[in-house]
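I am attaching a structure below and will ask some questions about it afterwards.
Chain lettering (A, B, C and D) follows the sequence in which the chains are written, and residue indices restart at 1 in each chain.
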Amino acid sequence: MNKKIKVGIVGANGYAGAEVLRLIAQHPLTELSVVTSRAQLGKKVSSAFPALPCDLDFSDASDPLLKKCDVVFTALPQTAGASLIGELIDAGVRVIDLSADYRFTDIATYERTYGVTHPRPDLNKLAVYGLCEVNRQKIKSAQLVANPGCYVTSVLLPMIAACKATKISGIIADSKSGVSGAGRKADEAYSYCTLDENFKAYGVFTHRHAPEISEKLGQSILFTPHLLPIKRGILSTVYFEADDPAAAQNALKTAYKDEPFVSYTDTLPEIAHVAHTNRCMFSARFDGNRGIVISVIDNLLKGAAGQAVQNMNIMFGFDETSGLPIYAPI
Amino acid sequence: MNKKIKVGIVGANGYAGAEVLRLIAQHPLTELSVVTSRAQLGKKVSSAFPALPCDLDFSDASDPLLKKCDVVFTALPQTAGASLIGELIDAGVRVIDLSADYRFTDIATYERTYGVTHPRPDLNKLAVYGLCEVNRQKIKSAQLVANPGCYVTSVLLPMIAACKATKISGIIADSKSGVSGAGRKADEAYSYCTLDENFKAYGVFTHRHAPEISEKLGQSILFTPHLLPIKRGILSTVYFEADDPAAAQNALKTAYKDEPFVSYTDTLPEIAHVAHTNRCMFSARFDGNRGIVISVIDNLLKGAAGQAVQNMNIMFGFDETSGLPIYAPI
Amino acid sequence: MNKKIKVGIVGANGYAGAEVLRLIAQHPLTELSVVTSRAQLGKKVSSAFPALPCDLDFSDASDPLLKKCDVVFTALPQTAGASLIGELIDAGVRVIDLSADYRFTDIATYERTYGVTHPRPDLNKLAVYGLCEVNRQKIKSAQLVANPGCYVTSVLLPMIAACKATKISGIIADSKSGVSGAGRKADEAYSYCTLDENFKAYGVFTHRHAPEISEKLGQSILFTPHLLPIKRGILSTVYFEADDPAAAQNALKTAYKDEPFVSYTDTLPEIAHVAHTNRCMFSARFDGNRGIVISVIDNLLKGAAGQAVQNMNIMFGFDETSGLPIYAPI
Amino acid sequence: MNKKIKVGIVGANGYAGAEVLRLIAQHPLTELSVVTSRAQLGKKVSSAFPALPCDLDFSDASDPLLKKCDVVFTALPQTAGASLIGELIDAGVRVIDLSADYRFTDIATYERTYGVTHPRPDLNKLAVYGLCEVNRQKIKSAQLVANPGCYVTSVLLPMIAACKATKISGIIADSKSGVSGAGRKADEAYSYCTLDENFKAYGVFTHRHAPEISEKLGQSILFTPHLLPIKRGILSTVYFEADDPAAAQNALKTAYKDEPFVSYTDTLPEIAHVAHTNRCMFSARFDGNRGIVISVIDNLLKGAAGQAVQNMNIMFGFDETSGLPIYAPI
């Protein structure tokens, strides 16, 4: 067995950070060195989260152990991680950032979308967009990986393949996400009694993942997110027109045929087929030029922590599936 | 207090029929005379369904009491109710049919959609399409009312208003329904473990409600249904282009302003706002010519049994809200 | 039709108060005059709660209209309603209080249980414990009714009947409640992601409903509440020993046989049989002297708002079932 | 890395068998050789179950590959596996049986409980009861392991520890299980609409797990199971009296202190703390001699497939945690 790499996690109180913790704690090739959380500072992980029987204490983001890590996952709110990430990069630590800060090639789009000034345009130039199956080569040597948005991943994986094969236009992504996508919240809007037996749309015409999808596809798209009464999972129903539908269909079927985590399926995929796994499954139907893709992921795994760990596996030359589930539980 | 009308329900074992039973049993102006079910024949209603403390015994569709009713609700599979409905109409009994048999003006469309020969084209001519707020005048004197489909109702109420105001094109209805829409089933595909924490699309390009919506709107539309892990409720996200978006927006806001059951809302409506009520709530957002309507109903009430009882209220000159909930529970 | 009585609701932002509002707004014999909420002060009810299409504005508890009501429902935290209730009683307004303040005959038990000084021992003497089926005669003329606790109602209805028939000992009530029992909360402990697919016990040996049950049964009991991942409903599994099990069984079967809302059932009752109704259903099994009762109610209806309205119906001589559902939806 | 052992799974269509398949397919020290299912015979696993991307075809129980396995998991209905298990044992294959056939030392109790004649009393003598933490030494060399019942495991782990420390009497186990405990079913009683937002008791005084618990504890106990509207997980609330409560408390706290999968917790454990893991967590509260234990497991993992794989790990000298999750997802 090789020497394990040392891993730090910054912002492990949030759902994505906590899922990174869960995956890393059980990963055969890593050693969890340090986890930070302002909210849980000083507590033992297993005391704060009985579901996570880890003996480490939460420290804060100034913990010097972070700079001794081989890789640090940062899961902080927009712009909050900028100076830390800069210091880590300077110290030679590779960083996988789960915020949106480094996802955009075009900084103006980022600033308009998030209503902030970009904290580190210099780092943005270093960053590789961590959509694993599409950018694998660049990820291998990246010092800073920007982990893609959850909705974004569900739409991009099939649609990048289709767009390479023929001209695709009029894209509408009608997406539905489980509640964990909203993060850990003490908010009546996310209370059990508000969301159980309920369903709603939100962010109509205004959600921040629309510009991210648009930039990566190179075309304006329409995106409507909805909130499902489930904990985990995203299903995106993507409507579009294809100049050459047969080419689009063929690309969708074959583009990822050798990938362990991405697969085309003849039958329509369901969220339960991928929940608790790092997989993306999709299918397509065509009627003339009109196409519909149904794509599913687990928002916290392939849509966040799982893809982040997959990026780590790529960056460190591990088997890409190490520590990542591909079989979904009942 | 007026003399109560006598009501019969045929097919009260199914979810829609059982909900009609529940509403009628508690309606201030009706007397429940007879309920039929082949599956529950001879059992007392309260024995078959502990949730429904009704002392009647289930009889079958040949029960002579049916012809002594003022109105009979028929909730049978496609074509199965044809001869009975004919006999009831002949006997002067008014009928509200919850199947799809009499919903289509164009019989060829019906036959193509359901893969059957229309059992009674003669009755089809008599039938009034029971979309209450739109066809109220005709419903008043109808002898046979065809109760609209559940998905259909959620889409038609807003879109008929918009289409009257301006040219609307490119309609895509992405709809999501609770599981009760599938009916009472002993089927692993509808088991708790299959559907809990799950979500899926089905009937892509092929669902039978698409032709019903298309006929009533007078244009071809694209419709994709999905299955929500909730018991009741539909949310339809309807994408379209409007020649005159201001006119469309205005029509959506004002068309139903005096209606007790239908309302435009500035904030986005959620399924929980209308579940367990007979209401339809919708809202709209526009970006240039592109419009999005979010519309919600309870599939078993405004989408089935509630609208059926509303039709009865109209037919018999009752207050239209009699016996129909408009306040949603927590 | 008689002149309708005027009703006020104090604390209509909470779940129990909002459910009273929903019931009263649709009750055939009441006129809703005033609703108060500090949290929603000045907002129209329908703006604060799109599910409740009521045109009234929320006022505060000093609203002079309250004293012009025939009856006021108070749903405030412990002790917070004391001075208002005193003023209302002085003004001749009858009050139905949903807090625990006036539920105990023994004030010392109340004070020990809730860790407060009783605000109005004088009013406590006036109060009638509003367990409708048991105290109906006293409720008729009561000026102040103390509405029973939710868990308490599910246990007392069967166990009072059994205890009247024979000596019952060793009572253990293992109860399970839906989340709405905890009230409207912005608290991560009640968030969707915390409670979905989860289940837990709480308040072991310490829950405040234990002394309420004990006082009414005249014996010490053991009570363990649990939190179900559903919105509404309580199921209590009550273990006990009966000196004369046949007498206990007979009493359970017959005690409420003429009651519209309470019934013994041979098959085991389920929460869905009574959710969204004002019913209590229970069944019993015996093995020698050992007995087990399974009892179900809707915690917000028979366990709170429904029983409160039933109390109002009794107090004003209305049909006891007026405005109260007895059929459960699918 | 050692040579992997060859594993067969008989009855992989059921939930427990499918979970064994999922665990084994991702276990670092096993090679999945053969999976059988009458219902899915001839289908590729990944076609029958899109959630399980396994390329094997389902064969039937006569598949000769079974006898070439190092270990076979049998997950068949009561008595159905008897002749196969006999043949496997004769062929030197070690067997982990998930049915109840070999769980009882006393065959008469088994026969009375399951209403059958024991198919193989000879094999019953060989069988070791696979409660890992209690019978580890015997399991190491066992040829046939009888995997314990799910409810049983949640009760036995804490109560065996308590019973060793002092006299425990009057045990009542009030247990609540997720729906997967009932197995894969096409049955309206287990449909989504029947169970969502519902909760019920069943098998009062008659459930088959009561005699299993009683035999292992050496005393008669009272057991009431309930059905939770969740997919996975069991919480047992166990009431009892302890001669020496301090001794009981101490034993509960320390008995498993070095175990990776079993832990005492000061705060009350919840199902979500252990769902999707192989852990059992419990806590206890005492009031005089009266004690209450709250114990949680995942019914499909520590209660079935996970404990089965843990047994395999013990039998083959693997690290006992190999391939078994101990961190619970959000």
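Details
Quick note on the criterion: a residue touches a chain if its C-beta (ideal position, glycine included) is under 8 Å from a C-beta of that chain, and two chains touch if they have at least 3 such contacts.
The shown structure was predicted, so the numbers you read here are calculated from the model rather than taken from an experiment.
Farthest from subunit C, judged by the mean position of CA atoms in each chain, is A.
Ranking C-D and B-D by contacting C-beta pairs places C-D first. Centre to centre, using the average C-alpha position, subunit C and subunit D are separated by 40 Å. Each chain gets one centre point, the mean of its Cα atoms, and the points for subunit B and subunit D are 46 Å apart. Residue positions 15, 180, 193-194, 196-197, 229-232, 269-270, 272, 330 of subunit A each touch two or more of the other chains.
Because contacts link each chain to all the remaining chains, their graph is best described as complete. Across the interface of their complex, subunit B is touched by residues 15, 18-19, 21-22, 25-26, 28, 50-54, 180, 196-197, 231-232, 263, 265, 267, 269-270, 272-274, 276-277, 279, 281, 300, 325-330 of subunit C.
Touching subunit D in their complex are the following residues of subunit B: 15, 179-180, 184-188, 190-197, 229-231. Note for the complex: subunit C touches subunit D at residues 172, 174, 176, 193-194, 197-202, 204-205, 222, 224, 226, 228-233, 235, 237, 239, 268-272, 275, 285, 287, 290, 292, 294, 330.
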